[in-house]
């Protein structure tokens, strides 16, 4: 048995707002699994897509600043949001490759850039650091019979070599975690298609079109629910699901769980500790039907 | 009071509509116009700027079309991704910035991931958007730009993103008061839109980063 | 498949004149690929379709063939540069003659089968066999063969009587 | 009476599974003439072959039929076996009851009946087989190489280095061909002349190479191993033995304004000239059409100044006969002429590009001469019209190539690469210039080729525009190029200073005439045809004649050199034997029946039929009959099927044999 795992924690803006249940379930799950989690004090927004879209230097500087703040807390940096994860990793990648950009960023944040710290997505912590075996040992309510469509979205694995989380075209890391907690995963076609999160505010029509294709594929593959590891994906798949059903006159009724919610369920956390009530598509009927509550 | 605000909404919607139509007519004209190519019309400096910002080679692209084949947003663009690169190769940036293609990029990285030639198209798009902002008003897609602008303003002011405020301000500024009206209360009831949030005690830091970058640009130390 | 085939009352005799480089090799390929086709065909190997004298076709019909297949390399692929072109021209003229003589040209098939076309060989042989089977036995030339044995002079009534008796 | 032995093979279970082999042996054993019939598990195995040999000796067999697999598989095996038992190999036949019977039928009864009939046919056939002697022909171990370009030079050097004499014939006054005209070569950009001229000198100095420059092939007679070649050595008007190559004659020649063909008419030469300074041989030739002495009888300056007295106005064409055993054809290519539309030719020209009318629209080879350090501009890229350096240069690919409408539907293979090279050369010489290339597809297969093309775009910054140009026209001192970029989907217009057209590769003029002299086949474009597109790409269908280089199809230098060396290797394989053995499947003429119509001569694809005169003892001509040269005959039998009097027979496939088989049915 390895020594106790300890991480610094960068929740990101969404987890302090619309994705509160992700934050809650993450903290509760890590407590249950006896993994240390210390929130980075006074972290900033990473800039997300809008920043790098129009101002790469700003995006890099914000992330570098966050890396610097995180470095003061013990342990590797645990990140919950796929977009924050992608930005922090990209920053490390770009700045280690470009001397010019690194100098500019150092000047902007007035501090040295931390390039060698480990930034880890929650998935990576569960699947690699903890490992499927130890995770399986903690399971006391296996999610047997629950058919889950794992939705990776764009930024968890892309582009090649940057997040370095799993195979860029055929990742299995989500399936590995779910298998360890006894759930069943379905093979489906749209697990890495983009949901258009960038346009959720500005062009919701686009988002509805893209997200519908994703939900349609998951439903067609026979999934009971969808699992995500990103608050932005969740925002589109869950929050907009009713709207999509209305626009396309379909009925999906696919609860969209966060990674930590499903794993939390398996290790015996109750609905209140997982924030299930905050989900727009009510998961309770499904969980009751499967005998998981 | 109510009628006044309705009047205001109507006005801005009409304004947007007319502006949009005018811009798309202009866009069509540019799109179809014969390309006169010479050393003068090929803006190599602009291409170099894009290459410096994106850290990738534009010339390397041999127009296989894989980026456009996989782009989730290609159907919404008037210049699909491969054509954006092609126009860039010919130094015809005005044609790119006149359209809304760059603003319809979702930054999903599909193109970069699958490019056979290691052209980092996502970064090229980033660079083009940045240069479009520098060129001020070159591009016509206003909603996405507005959202981006507000997002960055929020970071500067609060250090973090406040979705409630972002959405509200966006709706006011874009004149779409009724947008996602049905969603709001539900989100609040689910605790998803918080009215107040924990403040960052380090706000001066973020302002410093913004000002330092602005200063570097003023001095020409950064693009 | 075969039980079905055995229902046929008439099994035609097909003679195939093929060149050694393309069609014979193609038929070999059909064998090595274990494709199946009717067993009615008998293959005669020639170096080249250019070697095939139209007389052989007449002879085959005389000898009781109900159908004849001539097959060689595709135009332009001849091992002997141009033999198949000569054959093609020769047979184009010969067909007219044969038609004039009164042979149903459906009994005579020309085709190109390359060394790589085992499947096409099977197709051609099967098609011709079925076609000829539907047409029934070829009687005209067998009669000629008999006449030939009579030196072609059966003018006198006695001879005619004897001939009819056969 | 023949004593035929029939051996039926089980082929393990491959045959015996569907064919009742014992019944086949028993039934066939009853046929008249069959003295012995048996079956065995594996006839091709050692014990199987021994069984065959033992039976031949013990049963005193005269003919053998082996009923087994396809003759394409084991005919050679069994013929060898019977030969070792003392029977002529051609008295052994195979009946194919595997590929044509057991493998393609499932019904045992049907398959067995068919097998019996197949073996029966072969029994009747083998009865009519005749003893055939192996044919041997002597080999003259000298070879002829036609064409002194890089292909001919390489082939000649390879053969000569093996110690065999080579006769190298070149039409032009100097060897070197097109490669000597090139500036630098892709993909390494090494100077063409630097790598070419040492090889040319090697040819000149090689003791085993006999060089006939300024000469052409007049007549080719004979067959593999025994060709008689008549060479026309055109009158050079300069005695090669006396000339020292001092060049004084050229200095003094008053006619100095003749456009140089070697320099694509960009430079001028004198009436007595060598095509280029490094020419091999370095002996001038007098261009009689332009020489004052030949036109008016006056002048004669060159003769006066020539110290060794080499200039000889009286010299005439000479015909020389050379006996050779093998011929390598390496006549190379010619460039598509953009405007010229030869009468009766299926090839058309381009009017829309104004080549020939707009002086600064040039072809690829002209650009090579401009870029060549030894060229008329000393390697400077200058416009032919006013000598200015072009700052905007447009290259257009596929001129003539892939243009069905113009009569050429093939890809010329080298243009994409040489255009990429041109853009690089241009960029190296005109730093502030910009090169544009209009192309349909970039075809750059080959080692380091695609990388080379990409380099021209990524590093040398050539702008490639996918889309063909519609037309060119002059506007002031600019050339307006009307094209389109199909990736963007808009029309494109460029005002260029100079336009280079990447012209197609065509066979040499007169390639068809030479092919007819050699008796080799050629395609509709006049490229020579190889014996097999994949497995015999170097040989002609005509034995003893080999192909090297672009005369067979468009090729770049490395491919040409490879094929030349391959052709040389083929020649050496031929020369490794003193006598040639060949299968005796050849046609023979029954002279008594031959009426001398020579239809056979017309249809023979090998030119093997000759006219033979029959004379009486006094030497009076009685009649002329056909004679088939067994050394040349390919054994197709077309002559036999054509012969109206049935006086020519193909050994191994006689009418008797075939009729016997048909009658066996």
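Letters are used for the chains, namely A, B, C and D, taken in the order the chains are written, and counting of residues starts over at 1 for each.
What we mean here is this: contacts are C-beta pairs under 8 Å (C-beta built on N, C-alpha and C of every residue); 3 or more make two chains touch, one makes a residue touch a chain.
Note that the structure is predicted; figures quoted are calculated from it, not measured.
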Subunit A and subunit C, separation of their C-alpha mean positions in angstrom: 75
Rounded Å distance, subunit A centre to subunit D centre (Cα mean): 67
Centre distance in Å when subunit B and subunit D are each reduced to the mean of their C-alpha atoms: 62
Rounded Å distance between subunit A and subunit B, as computed from the means of their C-alpha atoms: 24
For subunit C, residues contacting two or more additional chains: none
In subunit B, residues with contacts to at least two other chains: none
Where subunit A touches two or more other chains, by residue: none
Chain contact topology (line, ring, star, complete or other): line
Touching chain combinations (by label order): A-B, B-D, C-D
Partner subunit B, residues of subunit D touching it in the complex: 391-392, 434, 436, 442, 454, 457-458, 461, 463, 465-466, 485, 487-495
Subunit D residues touching subunit C - in the complex, by the definition given at the top: 70-72, 96, 98-101, 103-107, 110-111, 113-114, 117-118, 121, 521, 529, 541, 585, 603, 605-606, 634-638, 640-642, 650, 653, 655, 658-659, 661-663, 665
Interfacial residue positions of subunit A with respect to subunit B in the complex: 13-14, 16-20, 42-45, 47-58, 61-62, 65, 86, 94, 97-98, 101, 104, 107-110, 154-155, 158-160, 168-169, 193-194, 196-199, 201-204, 206, 210, 239, 243, 277-280
Residues on subunit B engaged by subunit D in the complex (per definition of touch): 31-39, 42, 57, 59-60, 62-63, 82-83, 86-87, 89-90, 92, 95
Subunit C to subunit D touching residues, read off their complex: 1-2, 5-6, 13, 15, 20, 24-25, 27-28, 30-32, 34-37, 39, 42-48, 50-56, 59-60, 63-65, 78-83, 86-87, 90, 122
